[in-house]
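Below is one structure, written out as C-alpha cells; comments come after it.
When the chains are written out, they are named A, B, C and D in that same order, and each has its own residue count from 1.
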Amino acid sequence: MRVTLKIVTIQGMRERKMHVFFEGSDRLIEMRDVTKTYGNGITAVNNINVFIDKGEFVYVVGPSGAGKSTFIKMTYLEERPTAGKIYMNGTDLDELKRKHIPLLRRNIGVVFQDFKLLPKLSVFENIAFALEVLEEPRHVIKKRVFEVLDLVRLKNKARFYPQELSGGEQQRVSIARAMINHPPILIADEPTGNLDPQTSWGIMDVLQEINARGTTVVMATHNKEIVNVSPKRVIAFEGGRVTRDEQRGRYAYEK
Amino acid sequence: MRVTLKIVTIQGMRERKMHVFFEGSDRLIEMRDVTKTYGNGITAVNNINVFIDKGEFVYVVGPSGAGKSTFIKMTYLEERPTAGKIYMNGTDLDELKRKHIPLLRRNIGVVFQDFKLLPKLSVFENIAFALEVLEEPRHVIKKRVFEVLDLVRLKNKARFYPQELSGGEQQRVSIARAMINHPPILIADEPTGNLDPQTSWGIMDVLQEINARGTTVVMATHNKEIVNVSPKRVIAFEGGRVTRDEQRGRYAYEK
Amino acid sequence: MKSRTLLRHSKEGLKNIGRNGWMSFASVSAVTIMLMVVGIFLILIANINHIASDVEGDVEIRVHIDMTASEEDKEGLYEQIDAIDNVAAITYVDRDEGLDQFIEDVDEGSAELFESLRNENPLNDVFVVETKEPQLTEDVAGEIEQFANIDTVDYGEDIIEQLFAVTNMIRIVGAALVLGLMFTAMFLIANTIKLTIVARKNEIQIMKLVGATNGFIRWPFFVEGLVLGLLGAILPVAAVISGYYYLYDLLVTEAILSFVDIVPPNPLTFEIAAILIGIGALVGVWGSLMSVRKFLRV
Amino acid sequence: MKSRTLLRHSKEGLKNIGRNGWMSFASVSAVTIMLMVVGIFLILIANINHIASDVEGDVEIRVHIDMTASEEDKEGLYEQIDAIDNVAAITYVDRDEGLDQFIEDVDEGSAELFESLRNENPLNDVFVVETKEPQLTEDVAGEIEQFANIDTVDYGEDIIEQLFAVTNMIRIVGAALVLGLMFTAMFLIANTIKLTIVARKNEIQIMKLVGATNGFIRWPFFVEGLVLGLLGAILPVAAVISGYYYLYDLLVTEAILSFVDIVPPNPLTFEIAAILIGIGALVGVWGSLMSVRKFLRV
C-alpha cells in the first residue's frame, strides 16, 4: 500500500521528516466527488472535483457561505467529507492513521480565517510553536521566527500577546506561523480580510515569492483587486459547487 | 450639570428611554486632544481631535495598527483615553457614572472587528439580546430580529449557532445585532472584511439607507473600492494620528 | 424590573444550566458530594454528642449516710439536699439494697463469695443524687458535704474531671470538624462554580458591550446558582433521610448494638436536610454572584 | 523524544501554571483543602483504631483456681495453659493480692469497710491469661475450662461480644469514612482540574491543527498536573506533621488527658505525608491527562 510505504520512509528519516509526505507525487490535492454535509443538515460542499498540482497558485473565490472554508478545512482534516475521496499527495485521507494526521498537518501551512492564535502565548511563542512540534533546536527556532516576523513586519511585536494586537496584526501573525516551517503547501483562508491594501500587497508579494520557490499556494479571498491585478488560477464556489475553474481567471463577481 | 439633567430625563421616560442620550445636541462625537496609551506602552491613538455630527457617514481608514479600532473602542467605553476629553452627544464620558454606561452603549450600535458573538446563543438569540436588554416585549423582539436578519440575508440561519456559520455569515450577524435597536449612531469596525464584494455592497446599501434615515454611521474600513466608489467623509489614521480628514475623500493608500 | 424581564432572567438562568452542559454537571456533582459529606458528619456528630451526654448523665453523687443516723436525721438530710437549687432527683438506697446491687455488678466469679457479707454488711445507706446538669456535680457535692450525718460524699472526683474533659474534647473536635467541613464545602463549591463562570468571562464582557446592565447579567446567574445549589442538595438530602431511617431501624428494631442509644431520625434528619438545602442554595447563589462580579467592570 | 523536547515540555508545563493564573490557584487550593481533610481524618482514624485496640487489649481471662488445689496442681495447670497456642502471657495473682487489687478498685467510700474481709478472704487464687489476639479470648477460655482444678473461668462473656461489635463498628465506619473521603477528594480534585482544562479546549484544538501530536500536547499537561498536585500537598503535609507533633507534645508532655493513649507521631505523620503526596501527585496527573484526552480527537 502506498500509505504504509510512505510512513515507513518518514520514520526512517532524521531531519525534516515531516516533508516526506509531499515528495514524489505532483498532484498535491485531489478531491473526487467530495460532498460535505454538516451535522445541522447544511451541505457546504456539494460533489466537487478539484485537482491542484505542485507549484500552483490558486485563488478560491465565491460569495459568503459558498463553501470555501469548508473546502479548505477538508485538506488538513479539520473536517472530513461525508462522501467522496480526498488524496493529499496521493495519500488517501480515509486510510491515513490518526497518529499520522499531525505529520500531514506539518506539511500544510494554514492561515485560518479566524486566525486561531493561542491567547496565552506571545506572538513569538505562537509562531515558534509550529517549529517546536518538529523538535527543532532552540537557536534555529529563534532565528526562523524573527525571519518570518520580519516578512510580515511585526518584529517589534514579538513579545506581545494576541489580545494586544490589532485585527490586521493578528492576521499577520497567523500568516507568519503558517509559513515558518517552509511547508510544501500553504493554504490561506482570507489572509487579507483585515489588512489595508498596501499591507495586503506586501503579503501577496511574500506569497508569490514562496510560490516561486516551489510552495503550492491555495488562497481563499474576497479581494477582487488582488485577483484581478495579479491573475492566477481561480476556482469559484457557489452554493457548495465549483462553478468555475480557470487559469488566469478574474474575480468576476461584479456588482 | 448637563449630565445629571440628561439622566433625569432618561429615567422619566417609559418607552425607548435609551435614546434620550442622543437627543438635543448635533455633535455626537467630540474628541479633544485624545491620547490612548495601552498598558504595554503602545500609544495607539496620539493626541487626536475628531468631531462627528449627527447624520454624517464617516469612513475611518489607515494601515494595519494605525489606531482605528482603538479610536472606535473609546466611543463606547471599551477603552478609556489616557489623556484628553471625549464627549458623546455633549456628555463628558469622564463624568458618566458607571451605571449609565449601559445606557450609552444602547445608543451606539457596534459591529466589532472580531464579531463578539455569544457562542452559546443561536443567531436569533444573539441578535435578540440587544433588544432584551431594553426589556422589549417578546413579539416585538421576534418581529425586529427577523426584519434585520432579512436585511443581512440570514433569515434561514436564525437557529444556527455562531460556530456553524461561515466567517462572512458571522460578520453579518454582528451587523444585524448592531442595527436591531435603531441606534442613533452605528459604528462598524471593518464590517466587510470577511465579505465578498457583492455582499459588501449589499451591506453598504443598508448602511447608507439607515444613514439617510438619520443614523450617524462611522465605519472603519480597508475596502478601497467602497471608499472610492461611494465617496464620503474620510478620516485617515496613521501611527495613531489623524493625518487627513476630508469630505468626499478617497481611500488614497495606493500600492 | 418588568415581570416579563424577571421571567426572562429565570428562563435564561435555567437554559444556561443546559448550555453549559457538563460544567453544570461538574458544579452539581461538587455540591452533591460536599453536602453528602457534610450530611454524614452532621449525623455522626449529633450521635456522638448524644452518646457523650448519655455518659455524662450517668454521673451521680453518692451520699453515704452515717451508720449512726436516725430516720429523722435522714429525712432532715433529704430535705436539706432537696433544697439545693440544682438537684434534680434523689434516690434512697438502703444498705441491703446497696449490697444487692454491688453483688450484681461484681464479676460472677467472685459474686457468690460476697454473699458471705450479707451477715455483716459493711455498706452505708446511701442517697444517690442527680444534678440538673452533669457539670454541676462538683458544686452540689461540695454543698452536700457541709451537711450533718454524712459519712462520705463520693462522686468519682478523679474520674469526673477526665470524663468531662473527654466529652468536651469530643464536642469541640466534632464541632470544629463540622464547621471546618462546612467551610471547606462552601469554599470548594464556590470554587467550582467560579471556574465554570470564569470560562464565560468573554461572554459576560460581550453582554456588557452590547448594553446590558450589571443587574441584567446578574439575574440569570443568580437563578443558575440557586438551581445548581438546589439540584446538588437533592441527592444528599434523600440519602441522609432514607439512609438514616434505614440505619436506625436496623440498629433499634433489630436490636443490634442495643446498648448504644442513637438519636431518633425524626426531627434530626429533617433539620439536617434543611441545613443542607440552605447551604446548597446559599453557596450556589453566593459563588455564582461573587464570580460574576469581577467580570462586570467593563 | 529528544531530551530537549522533554525539557521543553517540563518548562511549558510549569509556565502553563503561571499562564492560567488563578485557575491553577483554584486547582491547588482544591487539592490543598481536600488533602488537609483527608490528612486530619487519617490521623483521627489512626487514633481511634489505636484506642479501640487498647480497649480490646484489656480483655483478659481470669481463671479462678479451686481453693483446694495444691501448689503442684497449680503448676500443672499453669503448664497446661501455657501449652495452648494462642496464649500470650499468664500472670498468677494469689488471693491476698487479688483482694488488695479489689479494694483499690472499689469506690473509696466502701473501701475501708471491705478491709474487714481481710480476715476471711472470699477470693480464689487466679491465673490472669492474655491471648495473642483479643478476638481469640473466647476460644482460649473454652479450652481452659476443660482443665482440672478450676473453679470458674471468667472473661466477661456478655460484655466481650458487644465490645468487639463496637470496636469493629468503629473500625468499619472509620475505614469507610476515610475511603469515601479519599475518593471524594480525588473526584473533586479531578473535577476542578478538569474544569480548568476544559476552559483550554480551544487552545488544545489549535495546537492539534498546527501539527502537534497528542503526546506533544499531553506532556506539558502531565507536568502541570503533577506540579499542581504536589503544590497542593505542601500545606497539608506541613500542617499534619507539625500540627500533630504539637498536639502530641501538648497531650503527652503536658499530661493533659494522660489516660488517653494517642499514637506517637513518628512513623504515623510521615506515613500520612507520603499518602497525601501520593494522592496529590496521582490525582493531579490523572485528572489532567483524563481531561485532555477528550479534546485530542481533532
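Some observations on this one:
One rule holds for everything that comes next: a residue touches a chain if its C-beta (ideal position, glycine included) is under 8 Å from a C-beta of that chain, and two chains touch if they have at least 3 such contacts.
Note that the structure is a prediction, hence the values are computed from the model and not measured.
Common neighbours of chain B and chain C: there are none.
Set against the Cα centre of chain C, the chain with the most distant centre is A. A straight line joining the Cα centres of chain A and chain D is 61 Å long. Averaging C-alpha coordinates per chain places the centre of chain A 67 Å away from that of chain C.
One inter-chain figure worth recording: chain A and chain B are separated by 32 Å, centre to centre, where each centre is the mean of the chain's CA atoms.
If you sketch which chains touch which, the chains form one closed loop in which each chain touches exactly two neighbours. Chain pairs that touch one another: A-B, A-D, B-C, C-D. Considering their complex, residues 38, 40, 42, 61-65, 68-69, 113-114, 160, 164-169, 172, 189-190, 193-201, 222, 224-225, 251, 253-255 of chain A touch chain B. The touching residues of chain A, when paired with chain D in their complex, are 18, 76, 78, 99, 102-103, 105-106, 110, 112, 116-120, 129-130, 132-135, 137-138, 177.
Those residues of chain D whose C-beta lies close enough to touch chain A in the complex are 1-2, 4-5, 8, 16, 19-20, 203, 206-214, 216, 298. Residue ranges on chain C touching chain D, taken from their complex, read 22-23, 26, 29-30, 33-34, 36-37, 40, 62, 64, 102, 107-110, 113-114, 116-117, 120, 122-124, 151-152, 154, 156, 162, 165-166, 169, 177, 180-181, 184, 187-188, 191-192, 194-196, 198-199, 256-257, 259-260.
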